[in-house]
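I have a structure here, written as structure tokens, and I will follow up with some questions on it.
By letter and in written order, the chains are A, B and C; residue numbering begins at 1 in each of them.
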């Protein structure tokens, strides 16, 4: 068998191996090299899988050659490969960035541990995505969560510790809910393989344990998704984590959780149960709208730039779950494509913010140069950074020509399919709130007088990855064959033909 | 009622664990609550898998009643995860105690708010 | 090169020019040289497209396809040709003027200014050539964003606040109204391509058509239909060349141009019959109300801004009448108003540069010190009022004929009233400038004409205004194609 045939396993194994190697090597440069190599290899595997799925459809890989449903199956379809692409791609971009970034944010002797944790976190996220086994999802979820708590706790501010602790409590409750849900499903169906479970669940889908399982899974995953109002762990965790960690988490962690939600809803329970028989879509619609408005509104009044965009993430997750709640082809496509588009735009913003922190630390202006007073006139000091944040911000708003516009277009189309004009108005109005918070940054950075006007950009090794994502959020607004193509394919696969 | 006593215990543990996590302000007590909560889930998996008099599934003419091994294995994994979570949580509590001088949530929130106000001023 | 190539070259030229401007940023003379060369080349490219369009061809090119079935594509039709000719032609004159103005007033950040200017022209041309609603919307938003740094060029608090209003209204209307209108069109028609006779399905309920029209008309905030006109006066904090080109030509014309495009090519004139009564009323109200505000404004640029609001609604009114003659009038008015209003803004900037005066009440006797400027101002004023020998007369003639043909007496009354009001707020300025004695304050501060590039520029546009009266053949021929079935 060629190497390519084992791509699904390599996808997870390579970053998994890189993490303990990093610990054994005990040297930050070596650890950096190993984990980055692992991430890049994973990215290559993801590209290979994406191409392969495009040619030959769903790939089923049997771990240790044990046939499902007895053995663990890795199952790669369009959606899986698309999310794998996002996660491994983001890791490949963030890792080279972190080298210079953590230099100023994490004590040197801990660097090798940082890379090890990063590798584990990546492993967990990729594993959650690729596995076709319910309990495996939980295990990988905990691998990524535990390493995430550590990564957040590495932040310099002591509030990083309390944020990490709070996330640990909330996250563990969420994960335990997920195991509960999986447990009920296992008790009822006697299988852990998702595809097998989906078949067996048909006869008993209205039984009470199955409904309980659905409820536990929904709440548990929503906690990890940070669906409003289960988002309380997110703002502090994003604000005080090291910059590179924030960027990676914002771009991938919540997205993978959304993916798991989609998997359970559409591939296991089936849309007829989730959306037709239960009031779930109404509840999800309401919570999404609340998130879009409340979180975006709160974001406008934040004084810390990182926290501002953290709240914005909660709002943007509202768009994704809103698309899900429509239970339509266009809605699902909008959600899936927004996973990706929001991931790169938000990743770009947090990477650039990390640049501001780094430049501020170099100049010795104190720990967190992110309050709006300190940002005054920033465009004179860091023109490239500021311009990048503005462009990525435009993508958050959904200005045409940026990636965000594509998602917004499909989201509105889905609302029109339903004939819900008030929803169209609500989506558009909430995107105006995004204009407000992005423009707060613009006015501070471009119009307020600067304390000093010495040019002090972030190092090139940080600017380049960030700008790669900035350009990405324009590129994927103009050429959508990869993003929208995958999303439409995936939606078709999940929901059947276009209505 | 008595037939379901194991489930009743499970639910009791689950609810009391969750209650402790939410109601207690002490970081260590919260972790204890979390642990109880997780333990209840272990029970939920193990109870239906265990048959009275059943053994491990070893092919041997002496035994005819087997317990389902899969949930046991799963929960073994879950226990490992739980231990790791607990270790990390306790380590964080230690670090928090070092940084804040307290492990009471109210006190930590108060210090955090004070720091925030100092920043915005 | 084929005509389609010229479209792409015309769109790319200002971008390349922008690059050149940045590279030459350290040497002002070279930088301005790049601007002028680019502008001249651009005008040449656009001219190459004129013959095919006059011959009835519509050269087209597709750039890329971001959404399935929704390409970013360009196609040159008569109306777009008029807009493109004006935008590219006046850019040359405006660049000459900018050089005089920006240097005369010692403005900062001139490289950024010329760069954004070039990019804005590119966006305006892309709007002019847009082959479908998506492309139009894309570059409509780009134009808003690219002109934002121009509006806030001064960087002062006043500029920031003006910029806020500018962005809030233009972004707000386009996101809240225009975007859903575009998506609904796609949803209902399955295409957003501009086609003669409209693309909307015939079975759409009249109420839906009305609602969609309202979304489009108010969504195109750049057309400054009341109550979404406030951005225009707010944007007057910009340096005068910006006000002149962008707020007499590119931005506002992009607005009314989009209105015309939507009415002619999305709805179709026949399909709208009976659905535009309210639009005539609102446009009429805007014309009269804005004129009355202009009457009481003492700040010269503010008066010009409100005059623009009022004149833009002429185009909307003419289009809403749906009569073939009035649609010709609307297309002509885009050209006529552009020449007249840019002359007026040039004059205002000239007065500011030479005499540092911004209020109408300070202009006593200024005509004797700045004869070129004030004569040009007079020509522009005549065009606004609609008197011969200025271009405004021609477009107004078609507009009035159209209103007669449609038997729309309200529209006629509005045009008549606004003509009087126009005269009421422009002629006193001309009278003041030539027939009142200089004030004591002005006696103490002698000054002459503005720097020569300014004088050359405003003389050229004034001459253009008159020339359009005597030789309206080309725009007329293009405008006629709009209403004659191909």
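Rule of thumb we're sticking to: a contact is a pair of C-beta atoms (placed from the backbone, for glycine too) under 8 Å apart; a residue touches a chain by one contact, two chains touch by 3 or more.
Worth saying up front: this structure is predicted, and the values here are computed from it rather than measured.
A.B. asks: Of all chains present, which has the mean Cα position farthest from that of chain B?
C.D. replies: Checked the centroid distances; the maximum from chain B is C.
A.B. asks: When you average C-alpha coordinates per chain, which one falls nearest the overall C-alpha average? Tell me, please.
C.D. replies: The most central chain here turns out to be A.
A.B. asks: Nearest whole angstrom, what separates the Cα centre of chain B from the Cα centre of chain C?
C.D. replies: 68
A.B. asks: Counting in whole Å, what is the centre-to-centre distance of chain A and chain C, each centre being its mean C-alpha position?
C.D. replies: 44
A.B. asks: Would you kindly tell me how far, in whole Å, the mean C-alpha position of chain B lies from that of chain A?
C.D. replies: 27
A.B. asks: Could you list the positions in chain A whose residues touch two or more of the other chains?
C.D. replies: Chain A, residues with two or more chain partners: not present.
A.B. asks: Where does chain C touch two or more other chains at once, residue-wise?
C.D. replies: Not one residue of chain C touches more than one other chain, so the list is empty.
A.B. asks: By residue number and range, which residues of chain B touch two or more other chains?
C.D. replies: none
A.B. asks: Within the complex, which stretch of chain A touches chain C?
C.D. replies: Within the complex, chain A touches chain C at residues 394, 398-401, 406, 408-409, 412-413, 416-417, 424-425, 428-429, 431-432, 435, 439, 443, 446-447, 477-480, 484, 488.
A.B. asks: Using the touch definition from the top, list the residues of chain A that touch chain B in their complex.
C.D. replies: By the definition above, chain A touches chain B via 135, 138-139, 142, 146, 149-150, 153, 158-159, 161-162, 164-165, 168-169, 172-173, 176, 179-180, 183, 186-187, 192, 303-304, 368, 371.
A.B. asks: Tell me, which parts of chain C touch chain A in their complex?
C.D. replies: Those in contact with chain A are residues 64, 66-68, 72, 134, 137-138, 141-142, 145, 152, 155, 157, 159-160, 164, 167-168, 171-172, 175-176, 179-180, 183-184, 186-187.
A.B. asks: Where on chain B does chain A make contact in their complex?
C.D. replies: Counting only chain B, the residues touching chain A are 18, 21, 27, 30, 34, 37-38, 41, 44-45, 48, 70-71, 74, 77-78, 81, 84-85, 88-89, 92-93, 95-96, 99-100, 108, 112, 115, 119-120.
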